[in-house]
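One chain, chain A, links the two complexes that follow: it is found with chain B in the first and with chain C in the second.
Moving on to the complex of A and B:
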C-alpha cells in the first residue's frame, strides 16, 4: 500500500498543537515566571535569578509541606497496595455474591473526589456528624470526636479516605494481573504440597510483580498531586497543619498572590512528577518489548 | 455444607469492614438530603429523624442555584467531549492504520501528557487564560479539559480501532474512494460504539473536574457543579448541609450509575493494555 506519507502526520498534528499549547506552554511560562520578580497582581517586574527558589528553600512551611507530601504519598499508596492485593485475590476467586462485591468495592471510583470529600466533611462533623453518631450509638465512644479540628487527627483521617478512594483502581489493575496468571503453575505447586502461604509468597507475589510496580507508579503520580480531598476537608488547615505541596502551592498562588514563589514550587513539583512519568513510560515500553518478544517466540 | 458456601461466608466477613466504610458516605448523603433542617444538629448526633423531607430537593434547586450550575456543567462537559474527539479521532486513526516516522516518539509523548496533572500547571494555565482574556469564561475549561483528556482518548480509541478490520477500507480504496471518503463512509460508522464509550468517559472526567474550574471561574453564575457545591461549604459559618447533600446526590448519582456500568471498558484506555 502506498499511502501518502503526509497523511498520518496531518492527522496527529492538531493533537500535538493542542497539547503544546495547553500543556507545553504553561510549563515554559512557569519556568520563566519562576525566575522573575512578580507583583501581587501578577505583573512581571524583571529577572531576579534564583531568588524565588532561594525564598522557597528558606521557607519552613515548604519543608513542612514537603515532608507531609512524603507521608501522604507513602501512606496512601502503601495502604492502598496492602489492602488491594488481598481484595483482588478474594474477588478473583469464586464465591456467592461476587458480582455484588465487585460493584460495591468499585463504588468509590464512581464518585468524584470533590463530592466524596464534601460528604466526608459532613460525616466527620464534630457536633452532629453521622460517624460520631454511629460510634456513640455502638458505645465505642461516649464523647463526640472532633475529627477535623486538630491537624494530626485530620491528616490521618484524610490519608484513610485517600486509601479508600484509591482501592478500586488498584484492585482493578490487580484483577487484570491475577486473571492472567498461569493456572498450571498453581496445580503443580498443589501436587508438590505447597501451603497457601507458600503459594502466595513464591508464586503469586513474584508473578504479580509487574502489576504491583505499575500500580505503585500510577498511584504515586495520582496521589502526590491530588488536591481535592485535603482542600475540601480542611483547606490545608488548621494552621497549615495538613498542607501538602499542592495545597500550599495553591494558597500561595491564589490566596496570597506570591506568584514567583508559587511558580518556583510548581516547577519543583513538575520535576518530581516528570521523574515518575519517565519511570512509567519506561515500564510501559519494557512491557511492550517483552510482549513483542514473547509473541515472536510463539510464532 | 459445600466448600463454596464456607468460602463465601469467610470472604464476605473479610470484606465487610470495607463494604461498610464504602457504603457509609452514601448513607450519610441520602439520610442528610431528606432530613428536616432543624434536625441536622441534634445532640447526641443520630441517624434517625422524624420524616422524609423531599422538599429539600426543591428548595435546594433555587437556593443553591443548582439549575444554573447544571447548565454550566453540561455545556463544559459536552463541548470538551466534542473538542477532544475532534482532535483525537484522526490521531487514533493514524496510530492504528499507518506506519510513520516518529510514531514511537508520538506514543511516548501521549503517555507523558496523559500522566501530566493540571494542578502542577495550574498557575501557568491561569496566566495563559488571563493572556487570552478567557478567565471567567467557560470556554477556558472546554479547551483545557479537551487537552488533558486527549491522550487517554487517543489510547482508548486506538485500541478499539485496531479491532476494526482494515480490509473493508482497502476494498473501498480499490473502488477508487479517497482515504478521507472511506474514513467517513466506511470506518467511522463502525467505530461509533467505541467513540460513544470514550465520549462518556471524557464527559464524566470533565463533569467531575474541580481544580481548574475552581481556578478559572470567579463569578458565581459561571460555576460548574463541583465548584458550586464546594462554594456552599467553604468559608461559611452557616452551612445548609441538607441542601449540600441534596445537591451532591443529584450531581453524582446519575453519573456514578453510568460510570459503574461502563467501568469495565475503562481499563482499556488507561495504557494498561501494555501490562495485560
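Moving on to the complex of A and C:
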C-alpha cells in the first residue's frame, strides 16, 4: 500500500523540483536583492537588513501608488466582469453573423498591449487626436478636451482602456462556461414559467460562479501587474497622479537606479497578490463546502 | 548581388588560404562599442568609421552595437551587472558621475596626449572632469535657443522679443490671431525640467546654489515659475501644458500653430523637411537678469573593465579626425566639439546653426551630481503641480527644494 502511494509521488518529483526552481529562483533572488545595498548598476554592495523596506514605507509616493493600484485593479476587473458576462451571453445565443461578432470581440486580444496603448495615446492627443476630432465633428464638444492633462481624467481614461483590453480574455472564459451549462435545467425552468431575468439570476449566475471566480483571480493578477497602458499613455504622470505600484517600481529601478528599493517594492507586490489569492481561494472553497451548485459545475 | 557575395566569399577564402599558408594569421582584437542612436543616420555613420579604421588596422575589429536613447541606460545597467559591459560607449554626460563614482568609468588622462586634448573646445571638456580627472571625451553637443514663427509675428504685427517683458507683450499680440498658441510650453516627459531651467537661468537663478543646495527656493526660481503660470492662466500657452511633451509642442510649431518655442538644433532639419515654407528665426532666450542657454553634451566613455583599452583608444583617436567629426556634426545637426570643425564656415555663417552656437560662451550645463535623474523628476513633478494649479508656486518650489536637498544628503 505504501509503495503504491510513493511511486506516483516519486514520479512527479523531478518536474515538481523543476517548477519550484523556475518559480522560486527569481523570488528568492529578489528577496536576497531587497536586503542588499545595490549600486546604480545592479552590483550588490553588502547586506543592509531592512533598510530598503524602511525607505519604501517612509515614502509617501509608495502609499499613493498603493491606493491607486487598489482602485485600478478593482475598477478594471469589476468593469470587465460586468461587461463581459452580458457580452458572452449575447455571443452564446444563435444569431445571424455570430461568428463575425465573436471575431470582432476577440480581435483586440491579438494586438499587443503596448501597441493598443500607443494607438490610444495618439487618439487621445488634445490637438491632433482622432477622438477629439470625432467629438467635435459630431458637434458633441466644441473645445478640444485634453484627456491626459490632469490626473483624474487621465486615470479614468486609462481604467476604461484597461477594461476594453481585458474583455476578450474574460469573454472567452465565460463563453466556455456558458456552452457547458446543462440545457435541461433551462428547459425545466421554462416549463415552470421562469422569466429571462429569473433564469439569469437563479440559474446562469450560480452555475457560472466557478468561471467568474477564475476570471476574477486571473484578471486581478494580470491587471495588478500591468505596466504598458499607464506607462505608454502617461508614464504615471502628471505629477505622479496616475502612478500605480508597477509604474513607480519601473521608474525607481530604471530611471533612478534604486534597484534595492525597487526589489523591495516588487517583493511587497508579490506578497499582496499572494495574500489576496490565498484569501480568495479560502472564500471560494468555503462556499463550495456549503454545497452550492457551483461546486458541481466545477467538476 | 548574389554574384558579388559569391565573389567576396571566394576572394576571402583565397586570402584566408594564403594567410594560413604564409605567415601566421594575425590575432584580432575585438573592441565592443555601444553607440547611442541619435537618428537613423547614426548606425551607418559609425559603421563607416569602423570600416575605414579596420582597413588601416586589420588586427582590430570594431563591433558596433546601436542602442536607442530610451533604453541605453537600462541596457548598460544590465550589461554591467551581468559582467558583459562594452569597452567603450556613448553616454549622456549627466550619467557620468554615477559611472565614475561606481568605478565603472576609466579616467583617460594617461592616454590623452596634449595634442589630442588640444583639439577639443574647452567648454565642452569641462563637464567630463570629475575630481580633477578626465572621465570621458565630449562626443556630441547642442545648445538651446528660442525659435519664432515669423509668419505669425508679421500677421500679428509683433516684434521678436529680446527680454521677458517683450516676450510677454509679443505673446499678447499673437493671442489676437485666431487658432494660434502664442507660446508652446512643454509640460510632460523628458526635459520638462529643462523647459523651466531656460526661464530659471535667464531670470538669474540656478539649479544649485553656490553652497550646493537646491536653487528652487530662490526668488529667481519663483519668478521663473510664476511667469510661466501667469501665461498659462491668461491663455498664452496651450490650454493644458501637462498634456504636451517636447515632440507634441514641436509638432504644433511645425503645423504653424505656435508663435514661440524653446528648442534644439535638431528641429531645423525636421522643419526643412516637413514645413519647408515656414519663415522662422533662431534667437537667444529672452533675457531677464542674465543671458543663458542650456548646453547639453554626450560623452564617450571607456569602461574600466575593458581588456583592450589601447586598441579602443586607437579607434577613438581615429574617429576624432576632422573629416569624421565634420560628417557626424553635419549629419546629426550637432554643434562641433572640436576646434577644427568649429572653424568651418558652415558653423559660423549659417544663420540657423550660428543662432544656436551664439549662446555657447554663456552656456549652462546640467550639474554633474549624483542622483540627477531623481532630482530632475522631483522638479518635473513640482512643475506639473504648479502648471495644473494643484499647488501654489512658492509652496511647491520650497517643498521641491527641501526634497532635492534630502536626495543630495544635505
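Keep this in mind: the second predicted complex is superposed on the first by the 246 of 299 C-alpha atoms of A that agree within 3 Å, B and C clash if a C-alpha of one lies under 4 Å from a C-alpha of the other, contacts with A are read in each partner's own complex, and residues count from 1 in each chain.
Methods note: a contact is a pair of C-beta atoms (placed from the backbone, for glycine too) under 8 Å apart; a residue touches a chain by one contact, two chains touch by 3 or more.
Remember, predicted model here, so these are calculated numbers, not experimental data.
When the two complexes are overlaid on their common chain A, residue A:188 makes contact with neither chain B nor chain C. When both complexes are overlaid on chain A, the residue A:18 reaches chain B alone and has no touch with chain C. Once the two complexes are laid over each other on the shared chain, residue contacts for A:240 go to chain C alone; chain B is not touched.
Applying the stated contact rule after C-alpha superposition, one finds that A:82 touches neither chain B nor chain C.
In the superposition on chain A, A:67 makes contact with neither chain B nor chain C. Of the two partner chains, chain B and chain C are each touched by A:128.
By the document's definition of touching, of the two partners only chain B reaches A:210; chain C does not.
Legend: residue contacts after superposition of the two complexes on their common chain; A:30 is shown touching chain B, with no touch to chain C. Once the two structures are overlaid, the count of chain A residues touched is higher for B than for its counterpart among chain B and chain C.
In the overlay built on the shared chain, the residue A:42 is in contact with chain B and with chain C.
The contact surfaces that chain B and chain C form on chain A in the two complexes overlap at residues 42, 125, 127-128, 144, 235, 254.
Contact residues of chain A toward chain C in the complex are 39-43, 125-128, 143-144, 146-150, 234-235, 237-240, 251, 254-258. Every residue of chain B that touches chain A in the complex is listed here, in rising order: 4-5, 7-8, 11-12, 14-15, 18-19, 21-29, 31-32, 40-47, 86-88, 90-91, 93-95, 97-98, 100, 103, 106, 108-109, 111-113, 115-117, 119-128, 130, 143-144, 146-148, 150-151, 154, 170, 179, 207-208, 210-211, 215, 226, 229-230, 233-234, 241, 244-245, 248, 251-252, 255-257, 259-260, 263, 267, 271-272, 274-276. On the side of chain A, the complex with chain B involves touching residues 1, 3, 5, 7-12, 14-16, 18-19, 21-23, 25-30, 33, 42, 83, 86-87, 90, 93-97, 101, 103-116, 118-123, 125, 127-134, 136-137, 144, 164, 167, 172-173, 176-177, 180, 210-211, 214, 221, 225-228, 232, 235, 246, 249-250, 253-254, 259, 262-263, 266, 269-270, 273, 276-277, 280-281, 284-285, 287-288, 291.
Only residues 73-74, 76-78, 80-81, 98-99, 101-102, 104, 187-189, 238-244, 248, 251-252, 257, 371, 373-374, 377, 380-382, 384-385, 387-388, 390 of chain C touch chain A when the two sit together in their complex.
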